[in-house]
Amino acid sequence: MGILSLLIFIPFFTAMGVVFAPSPKSVRWVSLIGTGIHLILTFFVTIEYFNLASADSQLAIQQLSTKLYMVEKFDWFKSFGIQYYLGVDGISMSMVVLTSIIIFTGVLASWNVENRSKEFFALLLVLVTGVFGVFLSFDLFLFFMFYEVAVLPMYLLIGIWGTGPKEYSAMKLTLMLMVGSALLLVGILALFHASGLHTFDLIQLANVKFPKDFQNWVFPTIFIGFGILGALYPFHTWSPDGHASAPTAVSMLHAGVLMKLGGYGALRIAVYLLPEGAKEWGLFFMGLTTINILYGSLGAIKQKDLKYFTAYSSVSHCGMVLFGVATLNLMGFKGAVLQMFSHGIMTGLFFGLIGMVYGRTHTRIIPEMGGLVKVMPWLGVAFYIGGLASLGLPSLSGFVAESQIFMGGFFGNQWHSVTAMRVLTVLSTMSIVVTAVYVLRGLGTVFLGPIQDKHHEELTDATFTEKLTTGILIFTMFVVGIYPRVLVDMIEPAIYPILNRLNM
Amino acid sequence: MNLSLELMAPEIIVLATGFLILISDLFQKSKNENKASSILAIVGIMLAACSGLFLTDAPKETLGGRFGLDQLDLILKEILLLSAGLVIMISPAAMKEKSEQKITHFSEFFTVILFTLSGMMFLVSSRDLVTLYVSLELATIPLFALTAWTKTDKSGEAGVKYLIMGAIGSAFLLYGLGFIYSITGDLGLKAIQTTLTASQLTNPSLYLAGALILAGVGFKLTLFPFHMWAPDAYQGAPTPITAFLSVASKGTGLILAIQLLLKVMGFLLQPFVFGIAILATLTMTLGNLVAVRQNNLKRFMAYSSISQAGYLLMGFMTTKPEGLTAMVFYMLVYALTNLAAFGVLIVHIHQTGQEDITSLRGISKANPLLALSLMIALFGLAGIPPLAGFVGKFFLFSIAAQVGYYWLVAVAALNSTVSLYYYLRLVRQMYIEPENPQSQKLQISPMSILGLGIATVGSVVAGLIPYIYDGILATSSQWLQVWLKI
Amino acid sequence: MHMILNSPWIIPALPLLSFIIVGLFIRPLSPKIAAVVATLSVGCSFLLSLTLAWLFFTGPNPSQLSIPWSFEWLRFQPGLNIQMGFLLDPISAMMLVVVTSVSFLVHLYSMGYMHDDPGYGRFFTYLNLFTFSMLGLVISPNIFQMYVFWELVGVSSFLLIGFYYEKPSAVAASKKAFIVTRFADLGFLVGILLLGFLGYQVQQKLGSSDSLIAGLQSLDFQFLTHPTVLSELSNTGFLAIALVLIYIGAAGKSAMFPLHIWLPDAMEGPTPVSALIHAATMVVAGVYLVARMFPAFSTAPSALEVVSWIGLFTSAFAAIIACTQDDIKRVLAFSTLSQLGYMMFSLGVANLEHPLGYTASMFHLFTHAFFKALLFLGAGAVIHAVHTNDVWDMGGLRKKMPITHATFLIAVLAIAGVWPLAGFFSKDEILTAALEGGHYVHFIGGLAVAGLTAFYMARIYFLTFWGKGRTKATDHAHEAPFVMLLPLLILSVLSISAGWIPFAQYIHPLVQSAQEHSGHHGLNWTVVLSGSSMAAIGLLMSWFLYAQNDFNRVNNWISNFQGLYQVIKKKFYFDEIYLFITHKIIFRLIAGPIAWFDRHAVDGSVNLTGDAVQKSSSIITLIQTGQLQTYGVWFVLGTAVTLIFFWMTLL
Amino acid sequence: MLISWVLVSLLLFSLGIYGVLTRRSAVGLLISVELMLNAAALNLVVFNRFLFASRMDGQILTIFVIALAAAEVLIGMAILVMLFRRKKSVDVTQLSQLKH
Amino acid sequence: MIFYLLTFVILVLALATVLTRHIFRSAIYLMGVLALSAGYYLLLGAEFLAGVQILVYVGGIVVLIVFAVMLTQSQDLIHDHPSRLRKMLGFLTSATFFGVSAWALLNSHLNKNIEMPSDAQFSAQIMGKAFLSTEGNGYILPFELISILLLTVLISGIVLAKKEKV
């Protein structure tokens, strides 16, 4: 049971522990301890990773195939070429850190879930096991298996503990994500059979030079398959409904982490294995994601419900991730991974706070609330910091990621027309203004100005657990914002193999 | 004259148990006491299964080439024994309650099931058309009676429909076999296969025979145009028999298809892969689409099993070992998952008397474990990891991809998404809908719990441990080596 | 003493440190100590920057640009790494002194001004944050770091303007300020992207040949102002566009003409804030940016033209509006606008051949910071006393508040450009630069603006301090407390003496080639005469109209230009235009339809597929009629079709 | 000639199909099924006689078919009798309680 | 020649069984068809088979059917005339089936005017040996299976048909 398998299965064992936990009260503590241990373990794994990776970060620049650390590899379905193959490189490491933080704060944020709390925490932890599995597995079959494990608990979580039209949105969400994974299945099977070598191992498949026209149809299939989860433009409609009716921790986890699976998969599988296809389709998807970015932010201006407001903003930010992936150059990729990390933290914070505000005012309609900062200063300040991070204020993680993506988009690559890329980049940079407009407008109405509803006067400020949740997330955002080399050094060596394969 | 009858040990044990139950019924004092006969039946099946394990050496034939046994046949027999055993374990739950759905005459019930089971096992190892046809009839005709066992309007109607369609099916099959006979002259499967490979393929009567045989097989496997009987028969029959139909009878259909289509006409399949793809698409799409609006639990399971037949058919698209393995593996996984689902449904339907989906509301509150195992079974059928259904479906879809039919993989994947929709409809009734007040605690006998447990655990574990798949792959590549020389 | 030279990062670190400590720990405990700590920290950094400037200017090579300290912050591409560091050169030393001094005085002043305000601690934390980000902006060695602190300055101004978050108008003003500056920063960011791209290409080309360039990153100022690089850049043709884009960022921050609407509304914030941010420091960031990029601007004359003409227009435009405003802080805001226009167009008229404009602009920035801060703090003292901003409710405060009156008078004279005071020298330099540079239109415009400035400053002076108290509040107005008066006194001394500092000797653009300028100190008499006469006319006019306490003369003037007067008073209706554009067009015509489109069309299509499945399934279920014989028909037809299909594949 | 025999058995088979598809009474259905099975059996014997006279496989299979037909009719009658006792009619067109 | 006569009569009787309105008459016609097909077997030289046919089919099955007809005599179904649509549909389907198969058969290897070969070693004892011999081409296994099948059918038949002691 190597350390990486431990990373994947600690949440699962905690889920088992939760199921057999004596009293509903202790359920929260068991899951908190579980995720706490996981956070500490992730911390040590990161340190370990840095020692291992720093040795050869220089020669990473010429490398053709991804260099994996702490590898665990043994045969599973030997006759079918399937292995239990875990490894970690820069990109997966950053994503594992993100997920670990989000699940820890997610458990903290759902501290007062009473109704069937055992099943709630168990399902939440199973979902996170799937997510960790995806980030750490380098065998396509294992990747796909964990990918679907991550998608399914969503139905029950939203269906049972959600609010509003929960069945409808839970069903819509699950079905659209399953359609995405259907496309993915076609792609993976096509890769497996067209590669000639009888294996699902990602690293070996990368060495295969797939024929050009094969790549031209497999790349969009896989990219759109992941794009559906990463809120690509026409397939994003599940995200506003899904997040609006999901409970706090679920939408924190979903928007924060699950939507990153889309970006991660697009980068790790679509671009890495099918470079020709990427060159063929890059510009098209860049255009699509530009719509995604502008459309998401413009759509958020008129939203009345706080959760729809955040859902649209995360559609726009996830569009930026896919935009970064579609730019096909060093800065674009780095920016995409950074944006995945920073947006994960940001949306986690946002949805956590919305849950806390909703817990107090029992309404999420923006016009109905006003002047809350007087009554709950901590939440107000945290909300503002989250908002400023989302509009890309420097010294917060959002800016670092966005600047990389815009710089990448602007520098272009040698396969697409640079002017087209530049026009699209300028269009997407406009989103920083539109984001500023809707963030300030929304938060201004909710938190500043006189108190509208008189019985909002006696609302209480954040409790200790809530302070801890928001504190951790804000601290991470500041760390990444102020000293981004923490992440950039981790991610950059892992980007080069993907890039070299493109230039090959 | 060494009649190496030990090859037939499993079948003989099963028949012997059948007779034993029949005789033991004479000394039964109280008429509604089914404990003894069901335990006897299960012991018999277990004995047969163990005896099968000792016959694992090289393939052999006996009784003048009429009865053959090799590794793959053994695996198929074990699967049949497993499904029949689970059905028998679970069915007592349907015999106790008061509703008119009650199954009477338990010992006859078990005897008939065991005899049908022996018919299925004989079908597996039959090596000539006569034995094949007779064992097929032995495996099908008693099912007509079992379907009408509870003698209500519904089961009577189901029985009649199943009977007539069954009769037509077997008539068509016989007619087809007649034309095969006209081409080859010799009834032995081996001989037929050699003459067919020799004879030129453009003989239209061969295609007439093929169409007729496909009708017979299609009836058994509930493929698209020939599936009409299944929903009514599944709904009308008593629930244990519906389970038996959906698992064992489908297994027999698969075995018949393997015997006739793969073993005899394996090399012919190559030009018809597109036809098979179309048939598979039609079957699964029909099964899935209609199941979306089903409100009766048994009819729902009927359509779900029709769609599963559609997935199974994809295995025929290649004569490479992966195809056959994927089918056999999926049959095992499907049997386990389906029986896990039926286990809970049998208990629920026969104790609450309602078959409507909405009657499942509140089951998760009253009896959480039952609800959980039904949910696991449904997710298994939908093909959600880490359950075995996912692994099975993945291997099946990879066959279609191997042959280059990527559009079929996409269609199948979308179909399984639609299937997820209607399986989730059930999960929604169980977990999300508000509980109806009078959902009471269902009592379930320890044996049924054992059966349910085996099925549910099996449906999870079969996907994780690799040895099952690898074992089946080894045997099927060896089998193909023997029969089709690939 | 040289410790400060090689570790100058202490200067910005002090306000940051105190921001964190005060903000998180001290403020909740006791606001009083928080204020003291905050003020002390800014004070220390003021002293340190003073010594740094002193050491720098008296040091061996006073105009030598150097980066004593920096660390690698963010890696974009191998040739494009961003170093976070400290750049020391004449204008940054000067700016350091200006920022820290004004900030320290404003801290002192607000101890008194904000005395009984509930958010007392919070105010000082925001001030510290602002000082830190302004210092960061000033010392940044590359344009990216400047952008980073540019945004931070924008946020702190947002927080300070919206300090009274209870008042919806303050909230709206802060939101407007942030969004307008954010819009300008969009231009700035695109400019940086373009410049980065061009610079990167040039660096790749020249990097091999020239070792100095190879060492630099393509966004560093040293690189962007390097003559060979600039010549290379200018013949790519994109340089002018990039510089104009960057100028948009500067125009947004310094509230140049199209983006000026946020500055008058920014007066919603407390007066010390307006004094610090909207007079001395933040608004001049734009000028500082253009000055920093001056060598690049001068190689692209078209960009320089844009700068000069917008500067001139803004100064004239703002001066005209200032004459009609009633709110004392609005008048001062518009006067800042016009003075900024002055600095901008003085930069615009200059170029590398005769850099007088550059020096004049920096000089005016230096002096303007002091007397404008003084004006604002004086106005603050007056508002503190009479609790109203409207000039017509004041009057006759000369006797009640003698020291404020004295300092205010000095400031008014300084800004009007009366001889001994600072304003005279810096404005004079600008006008001479315009004259000698051959920009006659600018010269005449400048003169007119000087006259107008004198007029409206004198107007508010007479209306507040002369004549009788027009409301009873003016009767029991009392002198401001000492802690508020001390900064006023210091600033008035500075306003007087600032003019005499020999600026030209230290500040000139061509830092590398520090050839000695001819004694430029001599005044150009024609400019002196015309400037002073215009100032005198302005003063007399407003004395004539407003000092005699009977305003019918003014009223009948206004009555015959009624239409024009109203238009000017309403600030040419620009606010309404912007509101119309954002609310009507963007919100209702673009955001609304998109939100509707998303909910109905895109979402609708997804639901459509769902309904299609339901519809088709209800149709297909119908073939299961329950009739046995229909099943038979399907069965037999199925076989027939299969046979035909087999046969088809056979042929 | 062989083809005429085969056509006759085919005709009988088709008539059987027609009977199954049109008869209203369940017993009529069973009768038509018997007809079809008989046609198939005839077909076998014809092939045996014409093509492979040296062996008797065809006839052996026919005998088994006859036995199977007997079994089928028996079960059919049992179900029909049971159904008749409950519904007092064996009209197949009425038997459509299980549908859709 | 006899073949044509027999065929004509059989076809007429078959048509009658299928078309008559009275169920009872259709059973009788069926008996006629089965008897005459025994004649066919005789024509083809399979005497034993003809005997079995007469015995089992005509003697057993038709009698059983007649009993069933008697048992399920119900007033409303005396005249069993199916609806027009049902008849039309039935006719169309069986006609297509007949047409397609006939077309297939006519083009197949059977249509090469093969005459009836003169010699045919059909004899009862070959048949008997085939049924019971265990090696060679013996069919002992299906023989046993048929017995099991008949037993099962008997059991379930009794269970289904017996009157419930209510």
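We just call them A, B, C, D and E in the order they show up, numbering each chain from 1.
Keep in mind that, in the parts below, contacts are C-beta pairs under 8 Å (C-beta built on N, C-alpha and C of every residue); 3 or more make two chains touch, one makes a residue touch a chain.
None of the values given here were measured: they were computed from a predicted structure.
Any chain touching chain B that also touches chain D appears here: C, E.
Compare each chain's C-alpha centroid with the centroid of every protein C-alpha atom shown, and the nearest one belongs to A. The leading chain pair by number of C-beta pairs in contact is D-E.
The greatest centre-to-centre distance from chain E, using averaged C-alpha positions, is reached by C. Centre-to-centre separation of chain C and chain E, using mean CA positions: 103 Å. Look at where the CA atoms of chain B average out and do the same for chain C: the two points lie 78 Å apart.
The distance from the centre of chain A to the centre of chain B, each centre being the mean of the chain's C-alpha atoms, comes to 43 Å. Note on chain placement: the centre of chain A and the centre of chain C lie 36 Å apart, centres being C-alpha means. Residue positions 130, 133-134, 137, 141-142, 145, 148, 151, 160-161, 164, 168, 182, 204, 207-208, 231-232, 421 of chain B each touch two or more of the other chains. Of all residues in chain D, those that touch two or more other chains are 16-17, 20-22, 26, 29-30, 41, 48, 51, 55, 57, 60, 64, 68, 71, 75-76, 78-80, 82, 92-93, 95, 97-99.
Counting partner chains per residue, chain C shows two or more touched chains at residues 621, 624, 626, 628-629, 632-633, 636-637, 639-640, 643, 647. Interfaces, counted as pairs of touching chains, are A-B, A-C, B-C, B-D, B-E, C-D, C-E, D-E. Contact residues on chain E toward chain B in their complex (touch as defined above): 101, 103-105, 107-110, 133-142, 145-146, 148-149, 151-153, 155-157, 159-160, 164. Those residues of chain D that touch chain C in the shared complex are 17, 20-22, 29, 92-93, 95-100. The part of chain C that touches chain D in the complex is made up of residues 621-622, 624-629, 632-633, 636.
Against chain C, the residues of chain B that register as touching in their complex are 160-161, 164-165, 168-169, 172, 201-202, 204, 207-208, 210-212, 214-215, 218-219, 224-226, 228-229, 231-232, 271-272, 274-275, 286, 289-293, 418, 421.
Considering their complex, residues 75-80, 82, 141, 144-146, 148-149, 152, 155-156, 159-160, 166-167, 170-171, 174-175, 178-179, 181-183, 185-186, 189-190, 192-193 of chain A touch chain B.
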